[in-house]
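Chain lettering (A, B, C and D) follows the sequence in which the chains are written, and residue indices restart at 1 in each chain.
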């Protein structure tokens, strides 16, 4: 009787493993190389600037989304919160100007109040989720549906012109030649990455995402941490909404932030964060956001029609996430 | 084929207005115009919004039929999918007037299946924009085209009209054409990227005002002078863009007036009075450029 | 006659961790075969390679006289190997009947015959003396019942070999007895059983032969009768026979004496439906046992103390002051620690490292201005890894990759490092090998001697009797006996569990 | 040994649980009653039948979504797949209704298999996998349709699939009803259905129990894709055109309907009947808003409609959560 040997499996080459572990970075490098070779005028400061300004809102929202996803949640309402914050800014400015007569105070309030409103709504998401134990996807779906409606009701659907120069700095300003919003994004990424790695709340976020019951029994304030991440998501959405308004010098409640939830979630996933929670990387998310932005630029700059662009995007998301997974298993 | 439904003469009517969507200024202006006119006449208006879905719009029309309205104003989302709604209304003996977009005449014929179409000719808008641009640039231009939402008839017709007219000028070429979904933000982003990849472009054609305004921001942030380095031409002609034409930042815009209220209700009344109604009522849209913008600005919508 | 199952030279690595290096296992027809080894020796891994859940890296397997390779558990099942995996692995939401019958054919005309499924489930469970409402979701039943359902399910497949990976870790004595009856029944039908357990008495009670594993390799196998207990333990631990002979059966050592200042006191706790009237007290430096049959409400009671659930009646006091934690973190802040019985669901955070898991409860105290002090954290972790002898490739290894026993040690360390006043241990040695078990018990005693108050829930009466200074016995959610000193004997405890007689010592 | 038997739930708790589970049916009844009393022709055959015809498409995608959600997954691609299905079936419709039907359903099935592949083989989270196919299917639909709508053939009998009726009852509604009946049997009375729920309840355990967890996941995405394709066929047939940009937000409608129907998103549970009630309930909101506008007392702007829908969804899920929480003995 001959026993059949269980086939031994060859060990993977460690170089290949390393490459795959950084799959998202690899994908980004490939995209950059491709563009450098193919896209006209790609390697120019102008292009860099444009990409940085365009990626900033996605990046900022995606960082917060990473934290939300790390707790095992998800936030579909980010785009709607952007719209609400964006709709509020010109309204607040006009009201403040009429009441106090000071443009400076008007700008300060038109930044502070909308962001506060977005934080409050984000916190509300968290409250609904923790108070009634409703699935995050459903709880935030509520504001996804209703939030834009609220913004539209506030403005009656009209586009509000808002060309206040000081406010416009959010979207149009430069510091040492770098777009201000890009700096905001970098700050958000740095803060997010540091918090997740080194701060108490960061570890608690991961513990909740990994095993909520165990976390609670270990003294993690589950409810508080969850509300915090959704409030942070609100904060990020609020800021991103204001940036979008600033750069367009106008606020359109119908469109500000539309589709942002999908872009942000895709950035998080492409970056290598586990959608089920418990494992997350903020820097990966930044890479993911850059990939998504670069894909967009590549397709537009090379004149790929919209329909085909969608198919390419789909393949890229699947590919990037798949490469990521290879690194882990 | 059975006759067009009749409309009895009454002091007041219950009419439906099935709007396509309300996510841009143009649609909002159209809705407001319809609502204002209904209020002025003392008619009861059943207003629905299809949220960009042709299928929902059919359901909306059906619910108006169920409610027994006297007439329906329909701004059809699409050329073909709305046919069943029109046929249902006809079967129920309800007068239908189409606004701003027509339906496929092979499937439902104006004057036979519904009373009339009132609106603009999108292809014509594209053609007029192209011809103005040819004149303004002496037939020499490298054009960036910002398309409307992929699949929308306003987008494909405005593109078709423009592209066909441009083809007659050997010195004019469309160097890039991408959708920016009729929105200001996308218009800016897409134009930014296009301008970067095609620094030699000299003109931008946008399928609506919002994208043109977004593109204008992109032109400025690329360090170019609008009107000098880059000529912008768009379609719609809202007050905001006519002001920019006056300022010289936008070259020209072809009007596509959303204020359908007065004409739509007048047509309905004329029909009730027994007058004969032409099946196609095309708006006499204006064309704004530097020569007339200042003068016409007060009358822009 | 060739053995029914023969595995030779099986190896399996997970990345850098070599779980199996050279494992062998021979099981004869109709025999009950014990598989033992320390935590992390590779028993579960060997079983999962056999059933196709893992793919082995090397080795040969033959089964029923032919080369054997299962591509999946389903395949193994189809080929005659039914398996009960370690930790209850069933679908909690679904009914008992469904869980028992899933994967088997119960259809008429392509549609499920639900009546037949229920009847089959009742029939199988009856073999264990269980009479359940099989339509109810499995979730609602105690873990012990769930474990029995898992066993019943495996028995239901008419197979040649039944593999049981620690089936008794959450069963009490009576249930273990009925399981043994079933195993003997299988044996009579010529079905072989592989039986994994850390409870040596059980092995001697039911097994014919034994295979001993150490560090991923098989080190010895032979007839159960020929290997005395001490020899078995020594081989398993890889230690000298004499060194082992010196210890007792449990590792507790001498008891502390005298009454102590009470640290915590609970009076007439009530919370529907499982806790009706529970009282106990624990003093500094003593170990108080909480005994009772499965489902008697022990876990529910200590959860109230820890703030995991809120008491609906009764009172608690900590250091003489009224104590009513609303959340576990209140209890932790007050100096309590709680090692839960359900490791997988309430203990580990699988993706986090050993380091993060161990310091989860301590973390707020390792934090300045919201930032974790990484160095202190590593120091503490290193100390406890060494002190408890935790086997891991590094503190950065995800805890899910550790064997069950080592996970348990990490969780114990999670609380020890918070330096608590009172430590609640719910089944602290469940699923832990005798070596580690002795260590943990000794450690508990040592901690108590250092002044720690310990409240220990255990289903092992031996553990209570030998380990605890005093004990409370629960029955149907009521404290029915409080035993101390000489009263604390196995007979008294069993008597109280069964009949509810009351001891004299105030508790 | 009834010690091991968990305590039976009090009658009241059981009642609350049932109310949580079937409350949607009561809610539906209440809403219909409200409509019937308030609006004159609310229950007129024309309104009822056209309502059913239109909502049949949502019913089909929601049924597929239910199966996916029951395994603990999610399928965001259903709306785009329906659009793609409508285009393909419209293109095939001149060859006859059978061809149109087969083409639409087949296309949906194919996308469903891609989803299954991505989720099972590539191990990509369902949310992301189906987000990608949502984009991809939309792109292919636009490409196939040349960026416009595609006429369906009115001559080949294809449009009867959408516009025809059997004894006055619209064909799409009959199709949806039949699918729900089959879906009910499949989920409640077949080994496949039980495995679907088992996978959702505890995937690893299901695998260890020797059940075909992977195959089942492939299957639910395939089913969801095929049903979305069928919804696309109905779309094309009912409106006489393949519409590549239709179906936006259908996935959210379907998810809402499943959730309102009392099925939790984490899998392991699922009810076909209450999902249907959820679909009708959500659909009725639009219908009632239209009728309310017709009364002329208040004219709600379109924007209020989404606010009301959101608020309604919140109300329903909170009510459900409260009932279930009070009725369930589950510990925290």
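Convention: contacts are C-beta pairs under 8 Å (C-beta built on N, C-alpha and C of every residue); 3 or more make two chains touch, one makes a residue touch a chain.
The chain lineup, named per UniProt: A, D = ABC transporter permease; C = Sugar ABC transporter ATP-binding protein.
Remember, it's a predicted structure, so these values are computed and weren't measured experimentally.
When chain centres are defined as mean Cα coordinates, C lies farthest from chain B. Computed from the mean C-alpha positions, the centre of chain C lies at a distance of 43 Å from the centre of chain D.
For the pair chain B and chain D, the distance between mean C-alpha positions equals 34 Å. Here the spacing of chain B and chain C, counted between their Cα centres, is 72 Å.
Shared interface positions of chain C, defined as residues touching 2 or more other chains, are 308. Among the residues of chain B, those touching two or more other chains are numbered 22, 150.
Among the residues of chain D, those in touch with two or more other chains are 142, 147, 301-303, 305, 332. By the definition of touch given earlier, these chain pairs are in contact: A-B, A-C, A-D, B-D, C-D. Put simply, chain A touches chain D in their complex at residues 74, 128, 132-135, 137-139, 141-150, 152-153, 156-157, 213, 216, 262, 265-266, 269, 274-276, 306-315, 317-318, 321-322, 325, 329.
On chain C, the positions that touch chain D within their shared complex are 53, 72-78, 83, 85, 89-94, 98, 102-103, 105-107, 110-112, 114, 129-133, 136, 139-142, 144-145, 148, 153, 273-274, 293-295, 303, 308-309, 476.
Taken together, the chain D residues at the contact with chain B in this complex read 39-42, 44, 46-47, 50-51, 54, 57, 142, 145, 147-149, 151, 154, 163, 235, 238-241, 243-246, 248, 286-287, 290-291, 293-294, 296, 299, 301-303, 305. Interface of chain D with chain A (complex): residues 74, 118, 122-125, 127-129, 131-136, 138-140, 142-143, 147, 252, 255-256, 259, 264-266, 301-307, 309-311, 313-314, 317-318, 321-322, 325, 332. The residues of chain B lying in touch with chain D in their complex are 14, 16, 19, 22, 35, 44-49, 51-56, 58-60, 62-69, 78-84, 88, 92, 104, 107, 149-153, 156.
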